[in-house]
Structures are given as structure tokens and as C-alpha cells.
Amino acid sequence: MEVCRSSAVSLREFGCEQSLLSRPDGSASFVQGDTSVLAGVYGPAEVKVSKEIYDRATVEVLIQPKVGLPSVRERSQEQCVRETCEASLLLSLHPRSSLTLVLQVLHDDGSLLSCSLNSACMALMDAGLPMSCLFCGVTCAIDYDGKIITDPSAAQEKGSRALMTFAIDSTERRVLMSSTKGSFSVHELQQCIAVSQKASEKIFQFYRDSISRRYSKNL
Amino acid sequence: MLSSLKDRVGAVLLPGDGFSLDTDDTISLTEQAKPDKVLCGPGLRRSGARLVACKSGVLRHKLPNVFWVDSQQRRYVPAKGETVIGIVMLKSGDVFKVDFGGSEQASLSYLAFEGSTKRNRPNVQVGDLVFAQFTIANKDMEPELVCIDSSGRANGMGVFGPGGLLFRVSLGLVRRLLAPHSDIRSDLDQLFPCELVVGMNGRVWVKSSSIQQTLILANLLQSCDTMTAPQRQELFKRVKQGAL
Amino acid sequence: MAAGFKTAEPLEYHRSFLKENCRPDGRVLSEFRTTTLNIGSISTADGSALVKVGSTTVICGIKAELANPAVETPGKGYIVPNVDLPPLCSSRFRPGPPGEQAQAASQFIADVIESSEVIDTEDLCIERGKLCWVLYCDIICLDYDGNILDACVIALLAALKNTKLPEVTVNTETSTPEVNVEKRSLLHIHKHPVAASFCVFDDSILIVDPTDEEEKLSTAQLTVVTDEEGQLCSVHKPGGTSLSGEKLQECISRATARQREIQKLIDKVIKSIKTAK
């Protein structure tokens, strides 16, 4: 388990562990503060005939909440994670196969969607699936004084006026996914995107460090 | 661009890391101007004017200009010419369906065994293990296996005999085992005599003189993945002392 | 010939139009389809509206029911939106439990209601901790030809503007609610959120108000919701290819213009209903 202490753009302490499950083809758990998500990837595997796509792989994302059954909220998050993964994976290299990504929420203390995105990216990388770029998730909250808080905890989320989650890609630092709550001005949106892009640098550096450490074992 | 690639050999690449395909800025006048051809192996792709990594792993280089990304992966994706250990799942008419751990089952014709003819069918049952080679493996077609080489000889391939143990290891470990002058293999040789069959799909079959030794070997191999060379040698030494 | 080309190479077919800055149905890239609105189409509902954006047809009915407020929010009523994509509207949808798209759309509408504060849920409270209104907003798609989210938001807003709630008094002696059906009053609408959807073609070309076919071929989709003060209520982009800051700015300014157009349209229709009476 690697841990990164962050200071400048204040992200909570985050950590990640890869290949921790034996059955899935790729797995990772990502921890941001007290929020923690476990991800497992199966694929490329056999696909049901009804879901087969002739020129690319079929991606399925399942989000399991900590308690209870997945609800409408999880469905909409699944859609966000799935389409982000589809954009970064090179799906045409595995036609007529299926990729299943299962995200198990272990604990939710705010910024859940961004933590899910990060664990999904690490798990996809662990599975060795061909990707055109990496992605990471950053959540920003705007409080009632107009201050921007990155990677808010559940309490900070509650006391905020607006909440935005972005997925940023690693090559051009552009916005792959955006999901917002609350109302905000255009200027605030642009500020939040800029802050997220800055924060993404840190997360990508962390990705690189943890992968390097992993490969340093068998050099 | 060659120089920029060579600089990174041995370094860890992440998906999206790219190299521009432009020729080097300086052109030497004395050497003959021959365009460098770069051969890209798994994990590297050309995208427009750039060479982009699509898997995470270590960049490797082989003379003259072969580059690839060495990655740790569990799921096997078939490639032509690779040998794998498969399990016969189904007999349907002239072909067997073989599971090799990929996204679909491969077909294996009953004629693709040494000495088999229309009259003389090979004795293959559902559930048997086969060591076979891919003749067709691409993303758009059903993969096809054969148990003979181009001259019609078995050359080590075919149905496995009774006994032995099949288990899975990571694809990275398989490649290290199969590499010429593999240090893991030479370490293993010093332990007990054994039969070892390694498939590129991550399946390994071992058979030793006793069940106990077979199990020890299987456990050792599975644990090799997460150990550095000194750790491994230390463990092997301890096993040797304990077992003797 | 053209039909064969379209079937065999749908993407190339669209590209050849986009190269000329127009689309197969004759629109330019930043043009919405004609939007028609009918308010109060269902007489049995408390509020309703029918919206057509091109051939996409969506109907929204609002049913108000009395209920006990939730324990954690005693001074508030609640709004329960639901988007239904029945098999009737497109061959893509199968009968059975709602699919991912329908559930994601329902969640999106719920988020828009909450983010924009179109209705102050405290207005729905009748007696604190005892009695409140629940507004069931059922949005049903009758004909699916892309851009369902825009149509849903317009239908919802128009139906809410049309909703008249009867006066309710609580009898102090028996503590039972008494509904005065004769006396009805309009809901107070605080904000007018309107959505504008965009599609990204080939990672760079931005088109507005996509049809079903364009949605299928596009590489990314984006929905921007704005209110009359120019505040953003939602910037919803469920993945797909990345978008630069300038493009995003372009979308936002188009969305604010769209907000004005739609608000004008709703006001016009409401006025015409009043004069007809």
C-alpha cells in the first residue's frame, strides 16, 4: 500500500493497492481520506450473444453500494464511469468480447464518484487492457463563501452550495466527464476545471509512482 | 526519435506516454542516411505521427530496433505462433473446442495431431489437457490451434499423459520462465528433477517423482511472482535443506 | 444511392454533411429542431404538458398527493420525478424494468430539480411535520428521436407552471385535512431551468440538438442546464471524448440563448391558453 501526502492543492491523503484480488483479471482499491472503493475487472471475456458488438468490446460497469441494492443514483454513476472508460480504452482491439468492471464501495466519506473513477482506472491498468490514455476523477465543492474545496469530505459536501466531479484525461488534461450538483456561475465552473486540472497532475504522478514501485520488484 | 526511445528503455511507461515519430533533428553527413525502422511489439501503438504506449509496464529493447512493453497481465490474449496449455471442452464433429483462458474457445482439428488421418483418429477425450500452438489468432477470427509443427511432427505438443498438476501463474512469470537462460529455471533445476510444461497463457503443468514434490514445486512457482531474485534464492535454499 | 450509402456507411454519410456545415435534416450545426409545446393536455392531471422537439415527443403529467413529510425534513414536501422510455417510443427499448438510460434520465431530472431549486420544497408544506404535498412528475416518451433530456426538462417546467394545487386546510378538531377542490392556486416557480444538449462528432465537431442517429454515431454527449439568471444548474457529460475549454464556453453561451427562447415559448403558450378562456 502506497500513501501520498499532499499539500498544495489540498487533496486528502490518498493511497492505492493493485492486484489484491486473486480471481479478477485486474483489481485495485483506492482510498481518498476515508472514502474507499474496491474495483475488479474481468475481461476480455466471453460475451452474451445479445450484448455482442461486432467491432468493439462491450463494457459493463456495476457499482455496489456499501449497504442495500444499487438504486437509480448508482445507475447514473455507472453510466458516467462506463462512458469515461469507453473513451479511454481501445475497445476496437477486442471485438466480440466483454469487459466487466465491478466497483464495490467500501466506505463513503465524500468524493465517491471521483474515487470510483480512480479505482476504475487503476484496475483497468492492472488488467493490462489497451488504453489510449489514463483518466482520474476530481471532485470540487463550492461553499457558501464561494471558496473552492477540492476532494471534499462528506461533511464538506453537505455544507456546500455546488458540487462538481470531473474526469480528466492524462494526455491533454481535458475534461472527459462532468457531473454537477447545485447552481453556479460560468466563471466558477471554469475555476473549478482549472483547479481540477492542477489536482489531476498530482494524481497522475501518484499513478506513475505506484506503478513504478510495482515494476521495480522484478527489474 | 530512436534516441528518445532508447533513453527510456528500462523505464516504466503508462498508457498515453508518447514519442514523436519525427526523425532526429541532427542529420550526420558522414554516416549514410538510412531511415531507421522501428519494430513495435506488444504495448506500443502508432497513432498518427506519434508512438504511444497503451499498457503500463517496462519498456524493453532488443537489437537492432525492436521495442516492446513488458507488462504484468493475468488475462491471456492469443498471438500467432505461441504455445499454450488448453483444456478440451467439447467434441463437435471434426473439431475439438479448447479452452485456453482467452475470451473465446479455440478450435483444434482432429487432423492436427501427429500421425492422425481420417481413419486413425487421435484419442482425445473431453477434459484432456493439450499442449498446442496457435496457427490463427487475430481479433476478428476464431483462434485455431494445432498440435503439430510445420513439418507434421509433434515436437513436444499433443495430449498430456496422466498425473501431474496444472496451475495458473501470471503471464509475466511465464515469460520469465520461458526466456533463454532463465534464472528461475536454473534455480528450479537445482531442487528436484521434474517435468515442467509452460504455456504462454499462464498455465503451468508440473510432474515430479512424488505428489509431495509436485506440490512443493507448484507452490514455489506461484510465489515466485512477488519475490526478488535474492528472496527467491533464499527460499529455494531453505526448501532444499528442509526437503532433504 | 443515397439510402444505400447511409445504411452501409452511416458515419461517412454524416461526415460528408458536416463537412459542408449542415446536417442530413437540413439544419446548420447550431440549430435546434422546431419545438412545439402544448400545456394542459391531460385534463385529469394536476398539471401537464406535451413537448415535441422535431419528432421526439415527450409528455409530462403531474399528480399531487397528500403525505406525511419525512422525519428529517419536517418543513418540506417532495418531488418525485420519473422518466419512462416505453418500448412504444423506439425499438431500442424492451419491455420490463427500466433500462440504464431511463434510470439515468430520471436521476438527471431529479438532480436538475434539486440543483436549480425550480420549486422551493418548503412551499409544498401544508402543516409542519404533519402534512405536505408530494408531486409525482411522470415523464413518458412517446416518440424517441434523440435529445430526450432537453425535451424532458421543457415538459417538466411547462407542466409545473401549469400545476394548480387545491387549497387544503387542516381541521383542528378532527385533525383531518379538508381539500377545497374549487379553490386552486398555481405553484410558485422560482427558476426556469432549460437544458441544451450537444453531441461531439469525430472528437471536434460540435452539433446541437442531436437526433437519435446522431447520438448513436457521436463520440460524446453534453447537456448544459441554465436558468434565467445565467447560472448553470448542471453540466452533465457522462464520459465520451474530451472537450476543450473553448468548446465548453461555446456550449454554455448557446445554452443561455436557448433558455431565453424556451422561456419565451412557455410564456407565449400560457398566455394563449388564458386568452382562449
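The letters A, B and C name the chains in turn, as written, and every chain counts its residues from 1.
In this text, a residue touches a chain if its C-beta (ideal position, glycine included) is under 8 Å from a C-beta of that chain, and two chains touch if they have at least 3 such contacts.
Since the model is a prediction, treat every value here as computed from it, not as a measurement.
Peer 1: Check every other chain and keep only those touching both chain A and chain C; list them.
Peer 2: The common neighbours do not exist; no chain touches both.
Peer 1: Report back the single chain whose CA centre is most distant from the CA centre of chain C.
Peer 2: B
Peer 1: Find me the chain with the mean Cα position closest to the mean of all the protein Cα atoms on display.
Peer 2: So the chain sitting closest to the middle is A.
Peer 1: Approximately how many whole Å separate the CA-defined centres of chain A and chain C?
Peer 2: It comes to 28 Å between the two C-alpha centres.
Peer 1: I'd like the Å distance between the centres of chain B and chain C, where a centre is the mean of that chain's Cα atoms.
Peer 2: The answer is 54 Å.
Peer 1: Whole-Å distance, chain A centre to chain B centre, using C-alpha means?
Peer 2: One centre to the other, that is 31 Å.
Peer 1: Could you list the positions in chain A whose residues touch two or more of the other chains?
Peer 2: 169
Peer 1: Mind pulling the chain B residues that touch 2 or more other chains?
Peer 2: none
Peer 1: With touch defined as at the start, can you tell me which chain A residues reach chain C in the complex?
Peer 2: Answer in residue numbers: 72-73, 75-76, 78-87, 162, 164, 167, 169, 172, 174-186, 189-190, 193.
Peer 1: Over in the complex, which chain C residues touch chain A? Could you list them?
Peer 2: 100-101, 103-104, 106-108, 110-111, 114-117, 219-220, 222, 227, 230-245, 248-249, 252
Peer 1: Using the touch rule from the top, collect the residues of chain B that touch chain A in their complex.
Peer 2: 10, 12, 14-16, 18, 45, 47, 52, 54-58, 71-75, 77, 102-104, 139-140, 172, 176, 226, 228
Peer 1: Contact residues on chain A for chain B in the complex?
Peer 2: Within the complex, chain A touches chain B at residues 19, 24-26, 43-47, 88, 90, 93-98, 125-134, 169-171, 207-208, 211-212, 214-215, 217-219.
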